[in-house]
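Take a look at the structures listed below.
In what follows, subunit A forms one complex with subunit B and a second complex with subunit C.
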Partner chain A sequence: MKRNLGPAYVAPQALWLTIFFAAPLLIIVAYSFLRKGLYGGVETSFSIQAWADIANPTLLKVTLKTLWVSLAATIIIILLALPCGYSIARSKNQALRLFLVIVPFWTNFLVRIYAWISILGNEGFVNQALRFLGLKAEGFQFLYNQGAVVFVLVYMYLPYAILPLFSTIDKFDFTLLEAARDLGSTRMQSYTKVMLPNIKGGVITAVLFTFIPIFGAYAVPLLIGGKDSYMLGNVIADQLTKTRNWPLASAISMSMTLLTAIAVFLFAFKKPKEQQAVKDIDPLSLPNGKTIGFFHRGPGQGKKKPSGKGVA
Partner chain B sequence: MKGSDVTVSNVSKSFGGFTALKDVSLEIKKGEFYSLLGPSGCGKTTLLRAIAGFEDPDSGTILIDGSDVSGLSPDKRHCNTVFQSYALFPHLTVFENVAFPLRIKKTPTRLIKELVMKHLSLVQLEGHAEKKPSQLSGGQKQRVAIARALINEPSVLLLDEPLSALDAKLRQHMLMELDSIHDKVGITFIYVTHDQQEALSVSDRIAVMNAGLVLQVGSPQQIYENPATEFVARFIGETNIFRGKVLSRKGTLNVIEVESFGQLLVDDETPVEVGDTIVVTIRPEKIRISNDEPSGDELNAVRGVVEEPVYSGFQTKYIVRVEGGGRLTTFRQHANWSEGIPDIEWKDEVFLSFSARDLVIVEKSPG
Partner chain C sequence: MAAKIHGLKPYRIAALFHARRVVRKGAKAAAKLLPRKAKGSNLIFWLVILFLFAPLFVLLIYSFNRSRSGEWTGFSFVWYQRLFLESPDLWRAFQNSVVIAFTSALMATALGTLAAVGTARYSFKFKSYVSTMSFIPMILPEIVVGVSLLVFFAGVGLRLGMLTVWIAHTTFNIPFVYLLVSARLEESDPSVVEAARDLGASELQTLFRVIIPMALPGIASAFLTAVTLSLEDFVITFFVSGPGATTLPLYIYSMIRFGVSPVVNALSAVMIAGTVLLVYPLRNFLKVFAAR
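Then we have the complex of A and B:
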């Protein structure tokens, strides 16, 4: 009989997280309680000034807008990713389609943002094409507004939702859909009443994987948005580099982290009513039961499929 | 009589280049327990799915109660399916699984409770209403699937190898239970199986299929005693097959010459000509095995040596090498075991005898 060394296996990861996650977080917490240095940085004396500064109406407005933009983008992403993940899971050449979803990752994040600028910008490809066709000489202002920010955010984070959704839907037993149809439900009802509850874990993962990074977005609103598209990430960056109020930047960062943590907790860890349901749907673990590697298939499913290493 | 009649006429279906159903025609009567029996891959599931509405036939029509159902989606057909894999909804309790069709129809809650409990008691699962499917045994899951399929009061119940995932003992039990449910609800059952014992023991009629074709339709007795083809004879139960040339024919009595057996008498109404090559079959239990030489007019008798006795409690199966070199299988029941009938053992010299009337012609080809 083998001894279960369960706790020991997580030691390397625990060490890693302590050094690269917990420690920086603690430093930020500490900075938020220090006095602001004259030209940035901090002075080593205790102060709650930063936390007092947080409660100002401008910041509240940006926070609400950030929430609103993140929510809108996340909802659009999930609505797009569900049919997309479904069609990949049911297609015969899953590998090719997954590959196509992943291809954009080969290009740097910023480069892809600039690509959108060169497509949609005032002198961009679309406007030039319109001018060439003689349709609209003065061109459209596509960018530098809230809509453009949401659009590019959706583009950027869509794959993060498609992958976990695909992974769960792929394991979904499609005969359940036939059973639902057989028992009198319409096609739509079979998706909403049977498939959706059974892929809940994947939906939760997809929401977390998109909402959290979007909530902290910085580059997209900076480059694609206008002045009114500022999100919390931009405010923090400004506090660090322009206003040079590091304690305030730290305090805002901490509040964001707390806010996100609470939201995640409420959304994903909310205990289902009956105890059994916990076993059926483990919300935060990825559908395949691992923390990374979307393409892993559970045991007993022999279909060939690219491994996590090969594609990611 | 409740239930519907189902008429399948000239239905063909192919997947890519592969033909799964070839011109299949069946007439299933109201309230019948009708089995589709055949080896794996012969198209049983495809036919069932065509009736349920999951598969569109390439040609041919399916009529339920006389009206063409082509183009009707599964939710619009008065048939429900018990899936081979059960297909219970894992996120719902047993109660909610069975209630699912009623919730879709927006049946009043009070009525739902009453109907669900009635159907759960029909399958003897009253005590398990609040469990999740994952907490049930295979047999219990099967029952939930049956209750769920029956609650809409379909006129046809389609069952796709519903017992194949259960162990032998439970399978027997569930089979009898299915039979009694069929008696109670009185609707048409179309039952897919590749297990001939299952089909023989509960069906009113059986359609034997192979490679997309229906080979024979008949009662269990007809199928077993009068197989229409060599395939049916071999597929249903154990059998002995002889291939021989007709030497003479007087009335229905033929004398045939079979290689490595010698001459056999075959009494069968199938018209054959002298010189035809025919295939005849006889069930092992119709061959008597004894130590003494038998006598009789229309009797075939051969001498042989027991090559392999296979004891199985209620009977022993003997594989006997006959003088000509061929092999025959015979069963002997142990009804009189205690009376001390002489035991027959390995390497014993024995006589096999069988009546000319028990041989059935299953195939013939001229010359």
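Then we have the complex of A and C:
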């Protein structure tokens, strides 16, 4: 019987995360119930003022706007990323195509925001081009509105969705699509009823990878949006550094954490339905869900291990 | 069924027939022989790539523009000259970024690897606490992590500076290291470790001569991921950084926010080129990287 050294191995990391991650979060919880200090910080007296402030109409409006922007951007991203992931997975030259997605993905975050400022700004590329062509001398104001924020958010987070979608679609057995077609489904049906249920995990990952960071976005609305396109992240930062209302900043952070947690639990931990869809349209499927396919692979067996050593 | 079989076009039958013969080589190879039907999605893919690259190209072109404004007045290297020769603050920020990236990645890799080995080999009471703790920071919005750390540092009276930035970066890097190394360990054969122990290797010998070498690809990719994440981070650093601890993203931010000088264009071009040079040699590992 060997000694159980597990606790010894994990102790350093557990200690680090307890001190520098769990404790700060608990402090935030505590601060949200304290009274605001005169010059920032808090006074040690209990108060639910911060939580009352959170329900004020202005803040509520910002919350709804943040939700709306995040939803809109996430939906556009997923709709664009699905065909991209599919296209990479079916390509002969996956490495090149991934390279093309990863270069913008790894390019510095602020550089990419700045690129859009220099294209869409009042003195930017597009307006210069319009002036050069003699079309519109005074130019358009593309930036500093809600639409621009959604547009740039889509740009920033698109690769976050393409990569997990690609890796799931790559494991999907494409012969199932052929089988569905041969068995009489339309092309669209073969995608929505055969492929989509099989790549559900990847779609969920992609939604979480995009929705959560967008929901907490700070830099994009600050640099691309105007005063009216402030999102929750900006309100937190302002309360923390300008208005110096730490309890309110803490309370907003806490509600953001709770909303994120709810989103994760709703999506990630919901028990996935069995591969019902495949059964629905496959007349050859057996009662136990196995399918007599060309290669005697049921949909469940269709999943292969990723090629290459799945290091990551 | 008969009607459906009529629907099989001759080329498809041929392809399937051939596919059957190569089925041992894997269904993937077979699928490649079938008619490819990714035309629509290919079009979308290339449009997306155009969308992703267009802004980068515009920056590249602007970096050679002589004038300060957006108007093109002629080709020039003047902003590169400014960037490399006359921007000491920028290079100090770059140096800070590199120092923070490597030291925090090192710390996170050490802690994360040990914890991954511990959870892979043993089961114990607080295991679920450790794995949950290592999962949450990854999914929490960055701003929450930044704000809570700022409040924490203020609470314990730690002055904001390089140390606080290092602590913050190590904290958000740990979960990624833990995840990547755990995934690698899951794939390796546990009986090798048992064999080493049975043959008399001590715990430390097993760790350094068996487990770590086996998990090395995972550890290396974890370290590189941590370096990248650290170099890239803006939001968390923005909150926990203090005087003398300006990192490159913070410096770029202040350049964008307070008076854009075309030096940003040159810097961006250099960083884009750097990314390409870094990613291109890795392109064959990208699939593995993307599959995380």
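Operating definition for what follows: the second predicted complex is superposed on the first by the 249 of 312 C-alpha atoms of A that agree within 3 Å, B and C clash if a C-alpha of one lies under 4 Å from a C-alpha of the other, contacts with A are read in each partner's own complex, and residues count from 1 in each chain.
FYI, a contact is a pair of C-beta atoms (placed from the backbone, for glycine too) under 8 Å apart; a residue touches a chain by one contact, two chains touch by 3 or more.
Source: prediction; values computed, not measured.
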item: First (subunit B), second (subunit C), both or neither touched by A:W68; value: neither
item: Which superposed partner A:T175 touches (first subunit B, second subunit C, both, neither); value: both
item: Of subunit B and subunit C, the chain that contacts the larger number of subunit A residues; value: C
item: Touched partner set for A:V194, first subunit B, second subunit C, both or neither; value: first
item: Touched partner set for A:F140, first subunit B, second subunit C, both or neither; value: neither
item: Contacts of A:G184 with subunit B and subunit C, given as first, second, both or neither; value: both
item: First (subunit B), second (subunit C), both or neither touched by A:F265; value: neither
item: First, second, both or neither for A:R112, with subunit B first and subunit C second; value: second
item: Common interface positions of subunit A, toward subunit B and toward subunit C; value: 173, 175, 178, 182-184
item: Subunit A residues touching subunit B - in the complex, by the definition given at the top; value: 173, 175-176, 178-186, 189, 193-194, 197-198, 200, 276, 279-281
item: Touching residues (chain side subunit B, partner subunit A) in the complex; value: 52, 54, 73-75, 80-81, 83, 85, 87-91, 100-101, 104-105, 132, 134-135, 148-149, 152
item: List of subunit C residues in touch with subunit A within their complex; value: 1, 4, 7-8, 12, 16, 19-20, 23, 26-28, 30-32, 34, 36-38, 40-42, 44-45, 48-49, 51-56, 58-59, 62, 69-72, 110-112, 114-115, 117-119, 121-127, 129-130, 133-134, 136-137, 139-145, 147-152, 154-155, 167-168, 170-171, 174, 178, 180, 183-184, 187, 197, 203, 217-218, 221, 225, 228, 231-232, 234-235, 238-239, 248-249, 252-253, 256-257, 260, 264-265, 267-268, 271-272, 275-276, 278-280, 283-292
item: Subunit C-touching residues of subunit A, taken from the complex the two chains share; value: 2, 4-10, 12-14, 16-18, 20-25, 27-28, 31, 41, 80, 83-84, 86-88, 90-92, 94-104, 106-119, 121, 123-125, 127-128, 155, 158-159, 162-163, 166-167, 170, 173-175, 177-178, 182-184, 187, 208, 212-213, 215-216, 218-219, 223, 233, 236-237, 240, 246, 249-250, 253, 256-257, 260, 264, 283, 294-295, 297, 302, 304, 306-312
